[in-house]
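Read the structure below first, then the notes.
As written, the chains take the letters A, B, C and D, and residue 1 is the first residue of each chain.
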């Protein structure tokens, strides 16, 4: 059965910046969605300025994996929607957080840390090295992905140590970054992926698209146990208490 | 230099329950503090009903490791105090969360998950097995700690997988639990330790006391780097951009 | 494309013990293979007493996931075959080590530790609790798997902390055990799964069979990068050295 | 009580290369030992060409932490000595493996992988970024350590994912490397630290010396439980079997 993906985009850069529109005529969400549609997935998009940011109960219930891109309006995302997304992730929905989404309310809430970092925007070269070559998110990728012009993100990246670290970035200007980070949280899986600036055409890069495909498949829910929490007054076993 | 410990206790059970007062005449905080004082530490206590819950800026600034016991009044802890403790942990203060503190605001905020679990209160036997015998928190402990009568906490414990898992509990009634969990968050270290009921005299147990001592030493801040976040417009290296 | 599985079994218990033959008329390998055949996999078996233990270069090259059951003849497995299997795992072949396979040469070589443990054989009850419910190996499983009669394995299990811990076992006699352990090693993935005694009919249990199916799918190779090691005299980037 | 450190050095470069002798007049082992002596530790050295490589039973029994530097003669280290060191690590002795020691028999045996990597020797710049600033091995270090001229080691580094990753290196020529890796194995702790070439004067660098001091303290044995493995015929608990 096709994985149901919702690509969420803040969508503000596209409204105010012609260069962004030229790079992403259908928006960042449109570019990502168009790629995933070619991978046999069932894809919808949603943006900040839609009612409930496009993330109604119905949409969330119908989403296996949510992709999140945002940058300049994190504070405009309503806490109510964040709480719903949070609950869905803990219930098993996959979440892929891209680039400047590191500072989104939902990512910070799930990580429990500030998710702060260093940044610089001079279009320097980035090279994402695969450090876990047997991981499904590295399928079809070479030893590294090279991006000729990117915004730099540098350590210290204030996150919990990932359950699995898949990519480490090298930047021409002298920094490194944990760029592909896998987490289990509740019954859900989260992948943070660093690349993805609004004017550098990152999401048109074939390797980046491949990682997104892989990450969606990895993050898709599994039909595992639903824990029953709370009071269990009866022991499972008899014993001499 | 002596490690500066603040033992925080909700302190409500002691007010309303004579049995708790009998087991812990000086409160749970008093029992823990009295033990740590014998270990060469500088110890103070603080409780919910003090102004600012006893956790003023001065107290927090003067604390290397904060111990947290709470149970029935998590919701009464002010968000402002929680935010201050949170910031101090990310800045390097150690945090030791005991037993029912799993549901405290501060622990949930730092974990990013619900921290929910199963529980049962019939006084069954618990055995905490050491699974990482080279870890400093296991110093002086045998292969397991046996507690003849405890409240049961059972998996699924809804936490992020610990950076290091030190103890796994066995319960007579049929459950298991990840009972000693180490985390790095920001520049701080967190240890969750399961035992510690208000009427079972857990904190008088020598092994439990030893674990508390070890955990304080492990969680004490180190003088590591203070990351500088944000905009770094100048690259560290010159390159042909 | 169907996953190619080779089920390897020492196969000695079946020769010398009628009870084992009654429980597993086609051998332990036969029971496992028969189940996996129903899951759309391409399955072959191999045993210790075949030439090269049935693990010729051709067989290994044609294997995506190797399942390993062994108990009383670990020392009879030739180092040459172990080295070939080891190399194949690092090259990407999945490896699933069952029960007493913990003491096999191949598992110890890959773990770098003794893989020793406690054991007892009185047919006590085991309950395997799922502690990572979003993991694909837990798909289709309830909160726990109950086995009414098993051999006990108890901590300390002398292994490296798993990359992901999926199951923790409870035993009636008082022990716990990390029973489902995932590892990345080289380009390969390894899953250690505790259950599987030769006379208790563990491999006829539907939940155990489901875990085996899940584990094979999880451990199957991905087409990730093939690292090029060694001397790289030319820098990828020009710099002012 | 003073930590007892044995600094082991292959010691061959010093015999055949005048430049090495100029940089390290007392050998690499001498330089490291001289530093650690200033830190209140009890230090001895041992080298390959001594009887039993200087690692007799008495020396190993009297060692809390063993530091290992080697490069061109890994194959000359006797398997018997490797087995003794291995056993001591599993029994609790700390082990710090430096630079080209990644290819030593003892490190490969403990890791269970090839420990292979990329390398280049053109004296390029390295910057070791701290990614876990609350870890004791980062004490007294800034956000990064800069080495103006080093040998490059690049990913893919074929190791198990470290229990804790403390440093990631950036190299001018375009690579990254997991340069500070912590492991628990058995009751012992292992730290792999990348810097340390024989002619670049790495071990005279104050930050590198500080990391060595920290690592020795972190890796020193703790008096934790000694697991009893094997047959435990009697259950700890009575139950209705």
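Going forward, a contact is a pair of C-beta atoms (placed from the backbone, for glycine too) under 8 Å apart; a residue touches a chain by one contact, two chains touch by 3 or more.
No experiment lies behind these values; they were computed from the predicted model shown.
Enquirer: Which chains are shared contacts of subunit A and subunit B?
Expert: Looking at subunit B and subunit A together, the chains touching each of them are C, D.
Enquirer: Which chain's centre, taken as the mean of its Cα atoms, is farthest from the centre of subunit D?
Expert: A
Enquirer: With chain centres defined as C-alpha means, what is the inter-centre distance between subunit B and subunit D in Å?
Expert: Here the centre of subunit D sits 32 Å away from the centre of subunit B.
Enquirer: For subunit B and subunit C, what's the span in angstrom between their mean Cα positions?
Expert: The computed centroid separation for subunit B versus subunit C comes out at 36 Å.
Enquirer: Among the residues of subunit D, which ones contact at least 2 other chains?
Expert: 125, 127, 130, 132-133, 143, 154-156, 161, 163-164, 172, 174-175, 184, 186, 225, 227-228, 236-237, 239
Enquirer: Please name which positions on subunit B make contact with subunit D in the complex.
Expert: For this pair, the touching residues of subunit B are 92, 125, 127, 130, 132-136, 138-143, 163-164, 172, 184, 186-189, 221-228, 236-237.
Enquirer: Show me the residue ranges of subunit C that touch subunit D in the complex, using the header's touch definition.
Expert: Contact set of subunit C toward subunit D: 90, 109-114, 116-120, 122-125, 152, 154-156, 158, 160-161, 163, 172-175, 183-186, 225, 227-237, 239, 241.
Enquirer: Considering only the defined contacts, which subunit B positions touch subunit C in the complex?
Expert: Residues of subunit B touching subunit C: 127, 129-133, 143, 154-157, 161, 164-165, 168-171, 174-176, 178, 237-240.
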